[in-house]
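Look at the two complexes coming up: chain A is in both, with chain B in one and chain C in the other.
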Partner chain A sequence: MQKNWVDWLKQKLEDVSIHLEDSVLSSEKAIFIQPTDLLRVATILRTDPEAKFDFLHSITGIDLKSDLLAVYHIYAISRNERIILKVKIPKDHPMIDSVAHLWPSADWHEREAFDLVGILFHNHPDLRRILLPDDWEGHPLRKDYVPPDYYGEFPVPANLKDRIKRPTN
Partner chain B sequence: MTPPKEGLYGRNILITNVDKLFRWARASSIWPQTFGLACCAIEMMAAAASRFDLDRFGVFMRPSPRQSDAMIISGTVTLKMASRVRRLYEQMPDPKWVISMGSCANSGGPYWEGGYHVLKGVDLIIPVDVYIPGCPPRPEALIDGILELQRIIKETEHNRAI
Partner chain C sequence: MTQYSEQNQKYVIPTEDNDKFLLNLGPSHPAMHGILQNIVELDGERIIKSHPEIGYCHRSFEKLAESYSYNQVITITDRMNYVSSPANNVAWTLAVEKMLGIEVPKKVAYVRVIFMELARIMDHLVSMGILGVDLGAYTGFLYFFQQREKIYRIIENMTGARLTTAFGRVGGLERDIPKSFKKDVYDFLQGFPKTLNEFHKLLTRNRIFMDRTRGVSPISKERAIQYGFTGPNLRATGVEWDIRKVYPYSCYEEFDFEIPIGIDGDVYDRYLVRMEEMNQSYKIIKQAIDHLPDGPWHADVPHVVLPLKRDVYSNMEAMIFHFKIIMHGINPPVGDYYFSIESPNGELGVYIISDGGPNPYRVHWRRPCFYYYNAIEELINGGLIADAVACISSLNVIAGELDC
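Moving on to the complex of A and B:
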């Protein structure tokens, strides 16, 4: 029987605002928390001997148009238990705390979320782009992203028929 | 005295011209670079391995652009990779040929519309001799493309300017 981690969290951290949301794809429920509480919640889930969620599957960055969303899939290997944390991040100041010091796997996942969605992770050890070239402008998985006409000298056309003129041999 | 005609004379004498001999040699030992960009590279590896065995055609992967005379663009050319692909092409000694393998290398493939990060065809940066359609093409298709390249090398009167 899986423990009710929401009640447990509410009991441990009384001033943290938490609410649950049904998952679209599975029976698991996602735990919504505030960006300012993320570090405290993550720390207690990782370090408390009762919780001991010792493995971070993934961090996913999502653009919800009004806000950004970071989704953390956290797993406890010894008990085969998984919980989902979700954090809504305001778009005008998209910064949350890094959890890379708690789960080393967060390092590259946070770099990916930064690279593609533009979430900034406070206190991340090395927040560089991970997939796109270092001199790329913008974050392509934002809904309002407009691809450039050129990357360096290479064309990145949106409307190909008009723009591409292939060299003839 | 009339010069001897091309052909076989006796058991051990062959008369031909240097150009033809060179073209025959080049077509019979196409050495492509060992590099792959995406899933097409898996098919290329399968083609090079024992079941399809590209060695039969004298095709033998080389680990350095300086030792190769062909380049198989096997996969998606991202914009990050495009400058590297062109540099590899420029490092190859002449004469050199390029096979564009699969939809991505031909035209961007599934990234044609939404691929902000993909070059829409490798022929935008380097000249291509043979296009192989498919996503990914089977090893037979790659072998067909290599045979086509051999035909081009053998039959083209003047190879690309050196």
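Moving on to the complex of A and C:
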């Protein structure tokens, strides 16, 4: 990060709690924000003429066992600058705001994160499953996901079930 | 969560009042590249609205990777973009090497560059050959497949496989380059420019081809960036963005090459950009093979690279490392890491989260096709149905990568 975007954000949005967290899962410096602040932070990063982060690289949903985590990799393509936003989402109410109206590339990414990890995106234009069939139950990339015995009338092979279970040490 | 499943029925059903026609393109259709589905609402031959659906080729690679060791995941990446698998393999190995802090010898980096550029040529040969086929020009395709066969021979000599290459390992290559490697590459380089020229003569100034591609499904710079376009499809709109130049990896900063860019971002520009990229790849391979350094074929990291089998049987240390790698695996430090390369199709990113164990905690692939197919609705709406086919093949959407 050439410019200190954390300080810049703190200056612009005074009542938003923003901090750099050296958590267990981040070796690169990432900006942690609260789920309720995501939309405001994303909007200012996208629309402010000084920031203008116009390129959303990817949204990754992660299950941290206690919480869910959404990671946003955002670029400013004209300046080669990258910023990483991380949002911790409580598991009992996994809902955050959608950013699909800011970056169209977020549209399918949010559907993917909903499909596989089970994060709900508020105000998403069309939040359906994208990779799995519509009648699939559960979100496979959750760590507590148990593979089903049957999908419809097709039995799931036992060796396949063993393989997709994560081996615990 | 049932509140979201009620939208399944969202297509306009044709009635007597509206003379719309609902056409289901795919998932299995000769003009679709792999198993993609696109349900289009037609007014005559013009597309009013399209509803792209994906997921027919989903093999849950991200879930599977969580139970594989770091070297086993390489075999998964083969199956993503199966047209240019060496590039995917290298993306993964480089990402894990960055996490472990391994610096590979120069020879390895050069061989990887040669294979990645061969993969780029291979990918563009297929996609541009198929673009011609989709528009009714079958001949060029055969010219290109002749060259593709030569590349496959090089890859087969190196890895033992043609399509699912599993090229390279974390920390280096799988084995040393074969004796015939240099000769094979020079053989290919000798014949390639001629074929490229012949293809140019067949299509580039062909009146029918130009009429069918110029001004078809254009996208502006700004929209392409917002949609997350990368690679040749972004460069066709005029944005000079190439990971090889912006964040060089694997010694790319040592090679002299240019980034071709287009103007309009239509099918014809994508075609021209890809054609010129093949020329640039040819230049890179020539430089790399001319200056291919000697040296070991893996980094000196015994806790990551498996020792030779004959050492395992005769050498105590080698046996210990062999045992440790097989039983405990490679253990990158705790943390997350995002790494991306310029794959033939665009920016292929790997986001790995490690909990210090032998398997990744979570893997996320940033697949370039995912963004192209997201934008397909905007690109083909209002156009003719025959143009939609040209658009999809010029974007080079590959289902294996899209669905992952």
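We adopt the following convention: the second predicted complex is superposed on the first by the 148 of 169 C-alpha atoms of A that agree within 3 Å, B and C clash if a C-alpha of one lies under 4 Å from a C-alpha of the other, contacts with A are read in each partner's own complex, and residues count from 1 in each chain.
By our rule, a contact is a pair of C-beta atoms (placed from the backbone, for glycine too) under 8 Å apart; a residue touches a chain by one contact, two chains touch by 3 or more.
These numbers were taken from a predicted model, which means no experiment stands behind them.
Peer 1: Once chain A of both complexes is superposed, is A:Val71 in touch with chain B (first), chain C (second), both, or neither?
Peer 2: In the superposed model, A:Val71 contacts chain C only, not chain B.
Peer 1: Is A:Ile130 touching the first partner chain B, the second partner chain C, both, or neither of them?
Peer 2: Second partner only, chain C.
Peer 1: Who wins on chain A residues touched, chain B or chain C?
Peer 2: Partner touching more chain A residues in the overlay: C.
Peer 1: With both complexes overlaid on chain A, does A:Pro155 touch chain B (first), chain C (second), both or neither?
Peer 2: Only chain B; A:Pro155 stays clear of chain C.
Peer 1: By the touch definition at the top of the document, which applies to A:Pro49: first (chain B), second (chain C), both, or neither?
Peer 2: So A:Pro49 meets neither chain B nor chain C here.
Peer 1: With the two structures laid over each other on chain A, which partner does A:Pro140 touch: chain B (first), chain C (second), both, or neither?
Peer 2: Touch status of A:Pro140: both partners.
Peer 1: Kindly list the residues of chain A that each of chain B and chain C touches, one partner per complex.
Peer 2: Touching chain B in the first complex and chain C in the second, residues 132-133, 140, 164, 166-167, 169 of chain A appear in both lists.
Peer 1: Sort out for me which residues of chain C touch chain A in the complex.
Peer 2: Interface residues on the chain C side: 1, 4-5, 7-8, 54-55, 58, 60, 62-64, 66-67, 222-223, 225-228, 239, 241, 246, 333-338, 347, 349, 351, 353, 355, 357, 359, 361-362, 364, 366, 370-371, 374-375, 403-404.
Peer 1: Provide the residue numbers of chain A that touch chain C in the complex, in ascending order.
Peer 2: 24-28, 54-58, 60, 62-63, 71, 73, 77, 80, 84, 103-105, 107-109, 114, 116, 118, 120, 126-134, 140-141, 163-167, 169
Peer 1: Which residues of chain B touch chain A in the complex?
Peer 2: 79-80, 82-83, 112, 116-117, 119-121, 123-125, 127-128
Peer 1: What does chain A use to touch chain B in their complex?
Peer 2: 132-133, 140, 145, 147, 151-152, 154-157, 160, 164, 166-167, 169
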